[in-house]
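In order of appearance the chains are A, B, C, D, E and F, and numbering begins at 1 in each one.
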Amino acid sequence: MQSKTPSESRTIMTDMVLPSETNPLNNLFGGELLARMDRAASIAARRHSRRITVTASVNHVAFNRSVPLGSVVTVEAKISRTFRTSMEVYIDVWMEDRFSGESVKANEAIYTFVAVDDTGKPTEVPPVVPETELEIERFEGALRRKQLSLVLAGKMKPSEATELRALFVKD
Amino acid sequence: MQSKTPSESRTIMTDMVLPSETNPLNNLFGGELLARMDRAASIAARRHSRRITVTASVNHVAFNRSVPLGSVVTVEAKISRTFRTSMEVYIDVWMEDRFSGESVKANEAIYTFVAVDDTGKPTEVPPVVPETELEIERFEGALRRKQLSLVLAGKMKPSEATELRALFVKD
Amino acid sequence: MQSKTPSESRTIMTDMVLPSETNPLNNLFGGELLARMDRAASIAARRHSRRITVTASVNHVAFNRSVPLGSVVTVEAKISRTFRTSMEVYIDVWMEDRFSGESVKANEAIYTFVAVDDTGKPTEVPPVVPETELEIERFEGALRRKQLSLVLAGKMKPSEATELRALFVKD
Amino acid sequence: MQSKTPSESRTIMTDMVLPSETNPLNNLFGGELLARMDRAASIAARRHSRRITVTASVNHVAFNRSVPLGSVVTVEAKISRTFRTSMEVYIDVWMEDRFSGESVKANEAIYTFVAVDDTGKPTEVPPVVPETELEIERFEGALRRKQLSLVLAGKMKPSEATELRALFVKD
Amino acid sequence: MQSKTPSESRTIMTDMVLPSETNPLNNLFGGELLARMDRAASIAARRHSRRITVTASVNHVAFNRSVPLGSVVTVEAKISRTFRTSMEVYIDVWMEDRFSGESVKANEAIYTFVAVDDTGKPTEVPPVVPETELEIERFEGALRRKQLSLVLAGKMKPSEATELRALFVKD
Amino acid sequence: MQSKTPSESRTIMTDMVLPSETNPLNNLFGGELLARMDRAASIAARRHSRRITVTASVNHVAFNRSVPLGSVVTVEAKISRTFRTSMEVYIDVWMEDRFSGESVKANEAIYTFVAVDDTGKPTEVPPVVPETELEIERFEGALRRKQLSLVLAGKMKPSEATELRALFVKD
């Protein structure tokens, strides 16, 4: 299968924060942002695989900044690494202040999607070849994240998670 | 501050899967489920703290089962542990088949919320006292998850995450 | 057909009042509450019958309390009585104040659903056996309400509505 | 206060049935129709009173015909009678088949609204003067319906509901 | 094919402006109004043709008045002229102030729809016979607008657009 | 005021076509696309002006291609020219087939926005300096479109619309 670069799947979704999406402090609900990121990441995964794609997991997501009503939010998603039938998608979120136009990083998240055929059966996806320094760093971190995911799901013993274990143990 | 039990914050949100929430395979979008879980967990956190609550982070979430159009989905959220101003909320998701009425576990997720005052400043929350065996198990796992969260955010050194480190190293 | 208890169909739908659902006084639109109650009652009817269910009628509903933006609303629906292919569903609505956490009864409503097969033809449903005092009281009132419904629709003569007539005439 | 005719408050809301509003049989949810009727009736009440209006009650509503996906639905609302601060609104619903263009009566409903000032306090509304035969018939039935509503709410003794009682007792 | 009058396709869609449809100045988004006009015009075109109808083009639309949150907006659509398989639909928009009840013209727009069969192939539509003075004026202007549309799309040479050319050149 | 390039206001909004946005042929409603384009163009205008922006007009829009359910739609908006307080925004729409991944041009549209201060009063915007060949061509066409708009609104005599008149008359 012909490999692709992360930029071939790059998906940009810019939209406003509307009143129906905000909490009592007039900030974007965390759940709304999770849903927007899922849609953008799902499109990136489809662009990479040219298949129907379904969300397999969401990595740990931290909400460090609140996003006020009326902000412009840009969600950018790119494939960071693939494993046979699954794709890790890295998502960066920026927000622009309504008046100053200043743009700041609001969030980062990592979702995993699986490519499936019309019956829902997982199918192989093309490999990804990272190009920029950041893409290479994210590509390399993906294996550690996959091990963490397997350990948390009880599908891998911590002792076998060699990449992950190295974080905690300096032999 | 007067402590509370997990069942005092228990929140149940039962609803159908509507056509506008499904992907091309006619299953519920992962992002929609993330948003429903956020709303239910946010209500549980508000019930525990009697404060405005904002999503602080989402733990690793795996989507093991697809939820077809027309299913009835029940999201149940309860506080599992608190830390000064934050609350870990455990979420269990069940789905019922439209015809058989059979109910199966579809998902589990863990969100963290912070209680804030009207200006958005974090404020203290009551402690939680687990009662059932499952509640105690989740209470105890919470510290390990908090350390993992801090390590992933680069706010704690892996060597200081004693609870977490024990998973990987048998001294 | 195996009878069921009201608690077997009990359906709880807890959710917030969002800005897009409020009128110019910042209270929940009556129509939105009617729609939420219909969804919850429809799920209760499906749980009882394990069939597709369609709304047949809505009893008189009074809106005694306004439900402000930001409230948490809990809709609870249970089968109160069945008639061959139809089910009366009793719905209780509570709201919690955002800050005090105090929960008050906001509404009561009664919907009737019919169970249908895939072609839309009405099909028989299991009988219901009330357990609590309140369930028994609601079960007994159901016949009077059914007669009222038939009289209002011109399908029964007032003189034949014996249960209902007894309210107005002490012979 | 200057009286008005029912046609001065006449409100027409024509719209399609969209996929997100339908049940598993591809017919309009009862709850969606209840919400549309509430919006149309609320506008009619506002046109009559030139005040903010809030839903006070919904009369018995029967759903005799299912409304399939893709139908054009017309909701027409007119004030049928007023009582000091409240207005009874009569609602007629027609649906047009997508292909034949044939229009049939799908529903009838009666909602009651109260006019309020900016603080939510009920305020007086102009009287209504019915013109057509149908408007006169609906005007006259309104008193009986108001008594039924008060009896059901436990605010009037059946023996005092003279208009209503006459239905059941031929003295 | 039997001709029809514009009033046979007349479609009225009255609804409120809700918080989720407003911009930071609390006025209706232009895009929301464009979408409402499209739905009303599409129903008018369907009523005229008794066919599925798809939007072919939107004429120049000017937004001269802002429509504040809480206004009641009435969109009225009527067929103004037909060309073999297409229909020009004229749309008038009024808004009513929430308190004074005063109704003012807020907008005018012209959409063109094509009637299609179940496979999406354009099919012939009945001719329209204008009745009122305004309907006749709009019927006559339609040819000039069609030419303008063809010139702008590069499908007609300006020199062949005789109706349109006459606006600019007095020979 | 410091001029800007079109690429500084470039706004990309990529999203899926969901079931609730489609007509009976399972294609995106024209009105939904008009609303998406309005949101994207409004963000581009805000990025250029750093002001609140309101839709002033929509140029002639032709819908040449239907956009099926499940397509990925990309809306791209850039400022093409400014006039003291108004901005012409050029919008290009592409759609990608769900399976082949092939991307085709689906639409082009031109909206005009006005920048306003907090009281809704129009305020001056920075000039735009086109860079690419296409941007220059669009910049130059904008004057002709502005004249057409003024002539259609009856605010300019056809004989004064020199740019536009040249299309029809070779002196």
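Going forward, a contact is a pair of C-beta atoms (placed from the backbone, for glycine too) under 8 Å apart; a residue touches a chain by one contact, two chains touch by 3 or more.
Every value quoted in this text rests on a predicted model; they were computed, and no experiment measured them.
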Chains touching both chain C and chain D, listed by label: B, E
Centroid comparison with chain B (C-alpha atoms), farthest chain: E
Centroid distance [mean C-alpha coordinates] between chain F and chain C, Å: 50
Approximate Å spacing (C-alpha centroids) for the pair chain A, chain F: 31
Set of chain E residues in contact with two or more other chains: 19-20, 24, 39, 42, 52, 98
Pairs of chains satisfying the touch condition: A-B, A-C, A-E, A-F, B-C, B-D, B-F, C-D, C-E, D-E, D-F, E-F
Residue ranges of chain C in contact with chain E within the complex: 19-20, 22, 24
In the complex with chain B, residue positions of chain C that touch it: 11-16, 39-40, 42-43, 46-47, 50, 52, 72, 96, 98-101
In the complex with chain C, residue positions of chain D that touch it: 23-25, 27, 29-32, 34-39, 42, 52, 54-63, 66, 111, 116, 120, 148-149, 151-153, 158-159, 161, 164-165, 167-169
Residue ranges of chain D touching chain F (in the complex, touch as defined): 18-20, 70, 98
